Amino acid sequence: MAAQGKTGLVVTAHPGDFVWRAGGAIALHARKGYRMKIVCLSFGERGESQFAWKRAGATLDEVKRGRRDEAERAADVLGAEIEFFDAGDYPLRPTAEMFERMVDIYRETNPAFVLTHALEDPYNFDHPAAAQFAQETRIIAQAMGHKPQANYTYNAPPVFLFEPHQTEMCNFKPNVILNIDEVWDTKRKAFEVLAAQKHLWEYYTRVGLQRGMQGGRNAGVPMTYGEAYQRLFPTVASELA
Amino acid sequence: MAAQGKTGLVVTAHPGDFVWRAGGAIALHARKGYRMKIVCLSFGERGESQFAWKRAGATLDEVKRGRRDEAERAADVLGAEIEFFDAGDYPLRPTAEMFERMVDIYRETNPAFVLTHALEDPYNFDHPAAAQFAQETRIIAQAMGHKPQANYTYNAPPVFLFEPHQTEMCNFKPNVILNIDEVWDTKRKAFEVLAAQKHLWEYYTRVGLQRGMQGGRNAGVPMTYGEAYQRLFPTVASELA
Amino acid sequence: MAAQGKTGLVVTAHPGDFVWRAGGAIALHARKGYRMKIVCLSFGERGESQFAWKRAGATLDEVKRGRRDEAERAADVLGAEIEFFDAGDYPLRPTAEMFERMVDIYRETNPAFVLTHALEDPYNFDHPAAAQFAQETRIIAQAMGHKPQANYTYNAPPVFLFEPHQTEMCNFKPNVILNIDEVWDTKRKAFEVLAAQKHLWEYYTRVGLQRGMQGGRNAGVPMTYGEAYQRLFPTVASELA
Amino acid sequence: MAAQGKTGLVVTAHPGDFVWRAGGAIALHARKGYRMKIVCLSFGERGESQFAWKRAGATLDEVKRGRRDEAERAADVLGAEIEFFDAGDYPLRPTAEMFERMVDIYRETNPAFVLTHALEDPYNFDHPAAAQFAQETRIIAQAMGHKPQANYTYNAPPVFLFEPHQTEMCNFKPNVILNIDEVWDTKRKAFEVLAAQKHLWEYYTRVGLQRGMQGGRNAGVPMTYGEAYQRLFPTVASELA
Amino acid sequence: MAAQGKTGLVVTAHPGDFVWRAGGAIALHARKGYRMKIVCLSFGERGESQFAWKRAGATLDEVKRGRRDEAERAADVLGAEIEFFDAGDYPLRPTAEMFERMVDIYRETNPAFVLTHALEDPYNFDHPAAAQFAQETRIIAQAMGHKPQANYTYNAPPVFLFEPHQTEMCNFKPNVILNIDEVWDTKRKAFEVLAAQKHLWEYYTRVGLQRGMQGGRNAGVPMTYGEAYQRLFPTVASELA
Amino acid sequence: MAAQGKTGLVVTAHPGDFVWRAGGAIALHARKGYRMKIVCLSFGERGESQFAWKRAGATLDEVKRGRRDEAERAADVLGAEIEFFDAGDYPLRPTAEMFERMVDIYRETNPAFVLTHALEDPYNFDHPAAAQFAQETRIIAQAMGHKPQANYTYNAPPVFLFEPHQTEMCNFKPNVILNIDEVWDTKRKAFEVLAAQKHLWEYYTRVGLQRGMQGGRNAGVPMTYGEAYQRLFPTVASELA
């Protein structure tokens, strides 16, 4: 299998993000044989857990535990491993130690690509904070003088930004549409793990259908479900088209 | 050969453009077995032929003939066929007939990609005019009701803009760097056909080296010569990276 | 009724555009008592009528007649009157006479607002051509010395751009979301007049639902169906929010 | 009175900002019955108090006291209450406690709108810092899990950016012009509280006149004094124009 | 005098433009010894002559004659010569002959700089049309093969765009502020030639004062009146600052 | 000498930056009599010293010492003095004390210009961090209330951004090309101090040649070597061109 030994890395602010926005890419590459690793910076415990806080007497620890369990099950459905940083949400505030750990993960996995949030999001400041964190550590991992004892080979991987909620407000401009037809059922199953956000299942199903229609039009070949990405750095190619 | 039956289309305002800016892509795809077709909208007879006009008594026809011959030889070196539209240069003013002919070419060749100029160029208004022409006809060729008797299959191909002279002034933002190492010698030979513009040989050799260095850094794999392109429409992909 | 005597003007390149993109606004303002007038620059006869051209022996006149009939019925469903300019499509080429007629329409109707296409659309050059036409004539109508004999009162109306197919590729940035819940059924009925484009009914229903969700989130008040617009000129207000 | 129970919130870096840039909006909405609350993050003690530092032996405390008094009097003229955060200026460095306090204010007041600085200002880094602070806390206040014991209703309000000193350098693009004719005298009186910045009275009077002229042209209805705002998020509307 | 033999060229759509927007630069360079030449593409007869059309029985010729006289007197006050192209206004439609004449003017005058309109203006389409015309002809004049018999020395001059009415709506970003203190009285006298537009005298006086204040702040040296320009092409310098 | 008493200030993240990117400007102004002062925020010890870390047992202190020595020799070749802040690299994290020191340097030197990094660089986050640091301190130094006892005259100097590695990816848009022909040999000698980065000597020589060619074309006067800068704030001028 061509993907033997390849890793795909995903850095998200909250659990919902990797399900709604990148679930197709995760499932698709897992199926191709990639090791898929998610770094989930928080449990979405304050901003993404309305349902849990409606219960009288809910505590932060309890809410975190519930969301962790849910996120682990969703990652499992998608075929990915997951590591939590517990950096807090609303606001997301990663520490210097988390920064170091993220650099180590880049070096350990030497990923073929990294997926993260859009660079701007006026509706959610945790998202650009996560993207900044993913990008800055990606660069630091290149520095020979950072933990210089290590004997490593690391190439900063291409960065793909996944689709934010209101793309135009985030200046998100997709230049890659990923055909996720063959893993759509898996992505949808991961949606259903997020039982408390049932109102979003149909919303993100429609997102997949719209991007599928656009992908089909751009390629001239029909497809049904798509995920949109914005690749940040130039592709180096040996053939056009 | 995978390229069997594929065509690459190039639409330029003047002969120099396809040599300096896209010569590597042309030679590379020709070598891969693509039919490479250049539509050269003018002979560059007024704006790109200083040397010819220095001769006393030079006439427009004479200058055109000289540039046509040169352009044909350069296309030949690169492995491409060439069709001239004789739309004039400085300014470039394509007629309705040329518009129709361009639509026909899209349909006849059903190209795998089209290369043309950047969308803006405050130093040369023929360049964006050619890009507009290439893009508008690319769309018209899709219209079922345009020459409806034709029995055709046509998909609007991806568009790649090649590098203008002062990229930042043209808001040109490359997202593809093509590795042209294996055809560099051919591109350089095509430079040498343009004997009167010898001062540009070294300039565009340096462009190739700078893009090669940048390509190597982006990919983490060394390369020497590159050509930069800006892909306009999203790629539809089945795998990232 | 507050809308007594007010007119809303819609300028589109093709019939489909006023149905898919602005059908909600048209129906909503018609219901409020606005006179709604559509200027449809072409019949979409070449680029939007695939089905018709599949019939052997189809002629341009026949196709135009068919589309005109369809467009008139759709306008009727929405509660609007419609005027065709027959400027051709793919490409759209309005004449000087059409320009004059459009200026007259602005003056005759003195509209409270004008709806038209996005300013850019690399997938369809008729769309920005229509927007340019609508905008330029809107300004000319202000010139005292244009048909100076007329005794008129005309204020250049606010311009709202409706949503293009791939918003991010068109640099379309919505700043108004219109709640069209109360006329959704009417908009959907107009969809169904366009029998040959049945595959788009669901696509544009999803567009309405996504914009509805976004409108609800922005306002903090639930709504189901929305239409997105980009207002071009500043609003003059006497109260914020 | 329609405004009964409504609040308008203003978040500024320095005292001068709410007077020069938003004084009209404050006075106008106060007159309409809004509770107007200003959060003034610093006293402008280091960067906006040249006059005070010219006195030999001036101390920071003294300067702050002077500016506080002045700011309170200006707020009073405009009809607003004011709360100081004392976050320092040049540079402005809000603490975590101030962040929490600001979140509380959003929840307590549930404002109908919030006014703050432009997002960029290369002439004054306190301004975008204040805007970032106002925006980030506006979002955090939505998180159910932030101080979850509270029983509250909060909707993130629309954000209006007021006019910076050199708009084009700040990429400020106004899309709302507020007619402040009926409160101009009040705004001017607030100017006059800032006795030491007399040279700015005429400057900002001219700003008001220019925006008034522009507002009149955009609306087709004369007005004399305007304040320009950039609304950040889409408006949800039930009628266009 | 250093300016001996130097020419400054100004290309405007209407007479008002060179007075309100560039009157300071014209008068200042005329005083320095530059030959100042204005190409005024229309008489502003339809869009800028409201007063004239209010007279019953006014004819186009009459209005043109009136505006020509006024424009000549204003140019005279400023110390410039003026050439009219009579291309019409609202809309401005230059012919191929005018294009040729403009190329000739560039070659004949070989100007040290050219002043023209901003590249965008959604309030007035004649303005960007004039800017496009000025820029395109500036490039054509470089083509050796255009009227090749001529024995000329021509360098495409730097382009400065003058300030449009609503800068932010026109994406106008000034990078040069010209100190016009020493010719302010002359500019103001030219205003007063435009007797029918008296309401604009104060408006453009305020523009001058605001730009003067901004110029003073940027330079750290006081000045009173400024004119803002956007230089399009890079400056070549032998010293910074 | 006109430059008597003038200072040019350079703020860079790493030693290589002032050599490759601004070496020409430094040498040129030093030759004109400017005091040239470089603030070098780190030694580039982690990210720019691959060669040093290849030696077994290399320590951070040793690497820093090596790079300091090299940087001092390069500054010496260019005719500049240099002050190191030792803020660390990869990532660069300046402290509050460094912030204060930088403000003092602005006041002490009252520079005629400041050179620093581009505002964005997705390949190197130290670069925009340095630019932000240089800009923010430049503004703070203006505040009368910052260290108010000082008796100083300070005007915030013009800011010039030097050229980053991949200009288009950094949204770098040069508007000044400095002719460095007369100091090219000196710049090249400074390259050769950086013995371990020999592969970059030719790269940056080509950068100089490309900018020289572009400068020549923009000015219409030949030159060989250039350095590109982006001036951030408007120039105040008393003559155009």
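Order of writing sets the chain letters: A, B, C, D, E and F. Residues in each chain are counted from 1.
In this section, contacts are C-beta pairs under 8 Å (C-beta built on N, C-alpha and C of every residue); 3 or more make two chains touch, one makes a residue touch a chain.
Keep in mind the model is a prediction, meaning the values are calculated, not measured.
J.: What's the overlap between the neighbours of chain B and those of chain E?
T.: Per touch definition, common to chain B and chain E: C, F.
J.: What is the Cα-based rotation angle between copies chain D and chain E, on a 0 to 180° scale and rounded to a multiple of 5?
T.: Rotation angle between the two copies comes out at 180 degrees.
J.: How many angstrom between the C-alpha centroids of chain F and chain D?
T.: Each chain's C-alpha centroid was found; their separation is 37 Å.
J.: Please tell me the distance, in whole Å, between the geometric centres of chain A and chain E computed from their C-alpha atoms.
T.: Centre-to-centre distance between chain A and chain E: 53 Å.
J.: What whole-number Å value describes the gap between the mean CA coordinates of chain A and chain B?
T.: 38
J.: Could you tell me which residues belong to chain A and also touch two or more other chains?
T.: 123, 169, 174, 214, 233-234
J.: Which residues of chain C touch chain B in their complex?
T.: 45-47, 49-50, 52-54, 58, 60, 63, 89-91, 122-125, 169
J.: Under the touch definition given earlier, write down the residues of chain E that touch chain B in their complex.
T.: 99, 135-136, 139-140, 142-146, 148, 232-234
J.: Report the residues of chain C in contact with chain D in the complex, numbered from low to high.
T.: Counting only chain C, the residues touching chain D are 8, 25, 28-29, 32, 112-113, 115, 155-158, 160, 174-179, 214-216, 218-221, 223, 226, 228-229, 231, 233-241.
J.: How about chain E: which of its residues touch chain D in the complex?
T.: Listed in rising order, the residues of chain E that touch chain D are 123, 165-169, 172-174, 203, 206-207, 209-210, 213-214, 217.
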